[in-house]
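The next part holds the structures, each set out as structure tokens.
Next, two complexes with subunit A in common: one pairs it with subunit B, the other with subunit C.
Let's turn to the complex of A and B:
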């Protein structure tokens, strides 16, 4: 047991937690911003995959990290906008449209991978990667230094993004509009806000976050693209954001909880602890947290309205 | 003609979406293949080329009929319970555990296994169902989470208690023969599960369109407010659709094990739950059309396999087409202007006459 504790509470362990959390923080912010605008976005899975692929291909053919980054982010925005177009303009249900787009991403990336590079499951050519770097002052702090310093630059961008999310959401007019639209679209409309446009912007920004997460996966975490490499992170992001109440710091903590558990299962897999069960804990916890949140939100509203009033159902109502 | 189009507009829309999907597919093949003509004919006619390929269409369709019909029930009530994947997986694991630890004659064993797996699947569906009905917790998120829980719990159960260590890889013990659904066509893997799937589909059709509860389910889907003011117990409806969806999808998972694999060999979520979403959409959430949609999906998949074997076009072409098709079908406003114009024209013609 003491060796277990030693290996878990080691510098390497916490370093790994930050590394594993990075591709969860980005999409979780994407889920959070769409949730703030009143939509559940389960399409981050596909957005990440498309961006991971675009980044690798562009980096192989242009050998420019900057172009790869721009192309990846552009593909994410495009995908987010496409989801918005189908949901807002063509009146598709956003859940079903996102499922379809996830399928599309999964098929299209492999289809193009085979057609462009000939590789069946992974890109044979190695992609450029985002650099890692040490932070001068931070590095020399005893225990914290080796944990916080020396990461891939995208890990720092992820933490910065949490701050950006906070600023956009709570300190800018756009953030105010997004929250207004999410809380009460009719009221927002009545003061002249273009509800559909605001929701579209939220989806496009979530595309940026998702793209950064995908780019980190294929061009930082590893240096190639492989089949379905996002591996459910877009769905975990839904859990992480939900757990954090879609707030900036909460979403960060939610993502890091999943990062922590995923890292721990790697560490304990050699020991006699059922790692499968350990891995299921954060998902179960999310269900419980979600149930408590909604029970709390539900109770006062029910009393006020005098009857069971389901805002969620109204959101899903068929549009004429 | 116009009247016919208007009356069946949903079917027309679906047909056009499928047509556009197939058109995209032909275009993509022309773009990437060195001999497009051959590739197109391999894709379109390859699935009918031998008894084996025709059989695989139905082998692929069988589990998807279960999940597709299951999801149709939830979707008809506008409950976006996307947890068929998890229910399918964990019920197969639990059902396998039950099947390998019991032994009795097949005419008791098979119904009992189906009963156990149906019950377990129903309970699994009840979790998001109760939370949605009672607290309005989003069934989308809870179902997504429970898919992961199903995966890890299923792995834990099989790998720790029912793992066949004599087999070289991570699989469960083989099912006893009394628990196998036998294959009834020589040299194919078509098994009695396909008949069960059809029975379930017909029952679901009857239930949704010819019973009082079915009517209530559809009313809740069309207009929950109206349903509530009309005296329908929405709580009960939400609970029922989740239980049924979990039960049918779960039973499908166990049937797949009993008919095809004969032991639990999934180390990851197998994907039939998501395929169920596809066929529920293409079949417009009508259980009988879902059967046709599942066979269509089986046809596409076998066509894709033929492409992979015999041409230079990747299998993934199929994933691209199927997502294009369901995107167009879910888009409610797709072709709605055309419909509106026809309605106006029809109305003005009637006014003139």
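Let's turn to the complex of A and C:
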């Protein structure tokens, strides 16, 4: 046990947490931006998978990291928009459309993989990877340096994306409109905002975030594509963003919390504990965290009239 | 005067078959205030929604300054210089006032970024220019409904609307706020703006309008200069019969107290006292009216009575049960019903049907369900009965409740709450937005509950209503009861005024006077 604690409070552990969190932060931001526009997006699982695949294939054929990145992001935007088309134009339920997208992504990538490799060993497809990056001054700081420096460049992009998300959401007219549409679509419509278009933009931006997450998975985290390699991260992202209230920093924290649990699981599995049990830890953790989260949200209605976000307390004000 | 907006032979039929406008023709002259009055469901809101591009007519012509105009969405109407303040407010609750005002035409910095500071500044300037005071940097959800209303008007003015449509703007305003609004409207008229004003308050129509159009059952009955009409005349044209505005007779028998409040204190979020040392009793068979400018603690008090807000100290007894720790449902089970002041927020689930909204408080009764199924036939029959008894203008009980006109949604809420046959009725603005005919009708239902020995606690911003119905009256100012009138039959609005404005207060607030 003490060896476990030692290894958990090690520099390597926290380095791993950042690495494991990266493919959660991206899709969580995607979930958050669609949630802000009033939609639940569970399609990031599929979008990540498609982008992961597209990136690997394009990098192999063109041998250009840049083109692989662009193609992956384009696939994310395309499928984000496709989700929008089905939901907004054809009026399909967004959950159903997203489930369909996830199945499509899974089937399509497997099919294309077989077509391309001719059924041969898929690990023959060695992808290019995004480079790792040492931060010059930071790396020499003890403890913090080894944790924060030397990550894949996409990890830094993930953290940067949190900031970008914040700026887009709270510092641009588009962000304002997304929030207005999510809070009261009729209000937005009544001032001439095209509600469907705003929702579509939110879905397309979420496609970008999802794609970056997928690209990191196949071209940084590992360097190949394997079937269903996203493995539920698109769903955990929903939990992470929801816990974070869809706010930038909250979503980051939510993602890192799940990153932490997942990393701990990897460490614990080195102990002599049945592996089935160990593998259930992330799921258990999700359930526990969500339970705590919703208990907080549905706390007794008769609260002291002192909570700002309590719907009951809406009309309080005496005459000016 | 030029005709700015001309509507000719307009028909509007909703997809569910409701004919909301039938061959409607109206001309609106530039630089005038044009009132549209009519019963709930007469089609006033629908007509304006067509003009504003929210919904489209089946046939007919609209022309704006002589050119044909058929907006397919609000942005076209806004671009053409039309602004609309909706009956049910259209604001994003978790955005600030300034953000709501500039939404859609946001000021930018560097061509890309939303310029929040400029937004706040221009919102402030607009607010000052039109003398509509709003706290520009607060969230909408923190504001009382009257202030939200002003935000809506500012939204339209900020976009330089030349033709301003106000759909029942005063329904949620206090008399003082209404007067300020009217001064603003007069001022806007002088600046050459045209205003379409929809209201059920005929006094206001008389006060502000140049021209009045009267609608009934989807048709225009008449359009006349306001100077040729009296209040009684408008009312008669609207509902087809004379309206009785006299006070109701005092109850014959008053029973024991059913609702007792003792020394109640409440604090708001920001730490200010909302309710201070409030004590009163309501007995079976009487109506206790609360007069007061809105925002003087009535909202908090009502919410405490029905279990929606906690109290700091004091007692609320229903019969002899202290309800402090009970849930709203348990309080209902004690026989308390609640007509909330904001029907869309606390009164109905807007996307559910009329019948579902009617049975939310009673679906557990054996008539309506067992543990695994709902008897929809009985629910339907029950709802049909209420629609008839409460004269709700509705197509089918299965229609979404938000497809009803505003006043009819209000009637559904009142129908549910009164038909529960409660012991104690807590009614907050029970007739907000209902037409003068239904106003009278709902009053007779409230009086009927009283006569059956129920205790009625009535809060209303409509002084006529308080004076007409109350057996006794208390006046609230800044969270306190500043006057009590044990016999309401001789009280006049003039008597109440000084107390409502805090100019006067009775020495001992527990002392009583007979005016």
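Note that in this section the second predicted complex is superposed on the first by the 265 of 320 C-alpha atoms of A that agree within 3 Å, B and C clash if a C-alpha of one lies under 4 Å from a C-alpha of the other, contacts with A are read in each partner's own complex, and residues count from 1 in each chain.
Operating definition for what follows: a contact is a pair of C-beta atoms (placed from the backbone, for glycine too) under 8 Å apart; a residue touches a chain by one contact, two chains touch by 3 or more.
Please read all numbers here as calculations on a predicted model, not as lab measurements.
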Partner chain(s) touched by A:291 [first = subunit B, second = subunit C, both, neither]: first
Touching partner for A:183 - first (subunit B), second (subunit C), both, neither: second
Larger contact residue set on subunit A - subunit B or subunit C: B
First (subunit B), second (subunit C), both or neither touched by A:172: second
Partner chain in contact with A:242 - subunit B first, subunit C second, else both or neither: first
Touched partner set for A:232, first subunit B, second subunit C, both or neither: first
Which of subunit B and subunit C A:277 touches, first, second, both or neither: first
Partner chain in contact with A:110 - subunit B first, subunit C second, else both or neither: first
Common ground on subunit A, meaning residues reached by subunit C in one complex and by subunit B in the other: 307-308, 311-314, 316-319
Residues of subunit A that touch subunit B when the two form their complex: 40, 42, 86, 89-93, 95-97, 99-101, 103-104, 106-108, 110-111, 114-115, 232, 235-236, 238-239, 242, 274, 276-277, 279-280, 283-284, 286-287, 290-291, 293-295, 298, 307-308, 310-314, 316-319
Subunit C-facing residues of subunit A, complex: 167, 171-173, 175-177, 179-180, 183-184, 186-194, 301-308, 311-320
Contacting residues of subunit C [partner subunit A, same complex]: 54, 73-75, 78-79, 84, 86, 90-95, 99-100, 103-106, 108, 112-114, 116, 133, 141-145, 147, 155, 159, 266-269, 272, 274, 293-297, 299-300, 303, 307-310, 325, 327-328, 341-342, 345, 478-479
Complex contacts: residues of subunit B adjacent to subunit A: 28, 32, 78, 80, 82, 127, 131, 134-138, 140-142, 144-149, 151-153, 155-156, 159-160, 222-225, 228, 234-235, 274, 277-278, 281, 314, 316-320, 322-324, 326-327, 330-334, 336
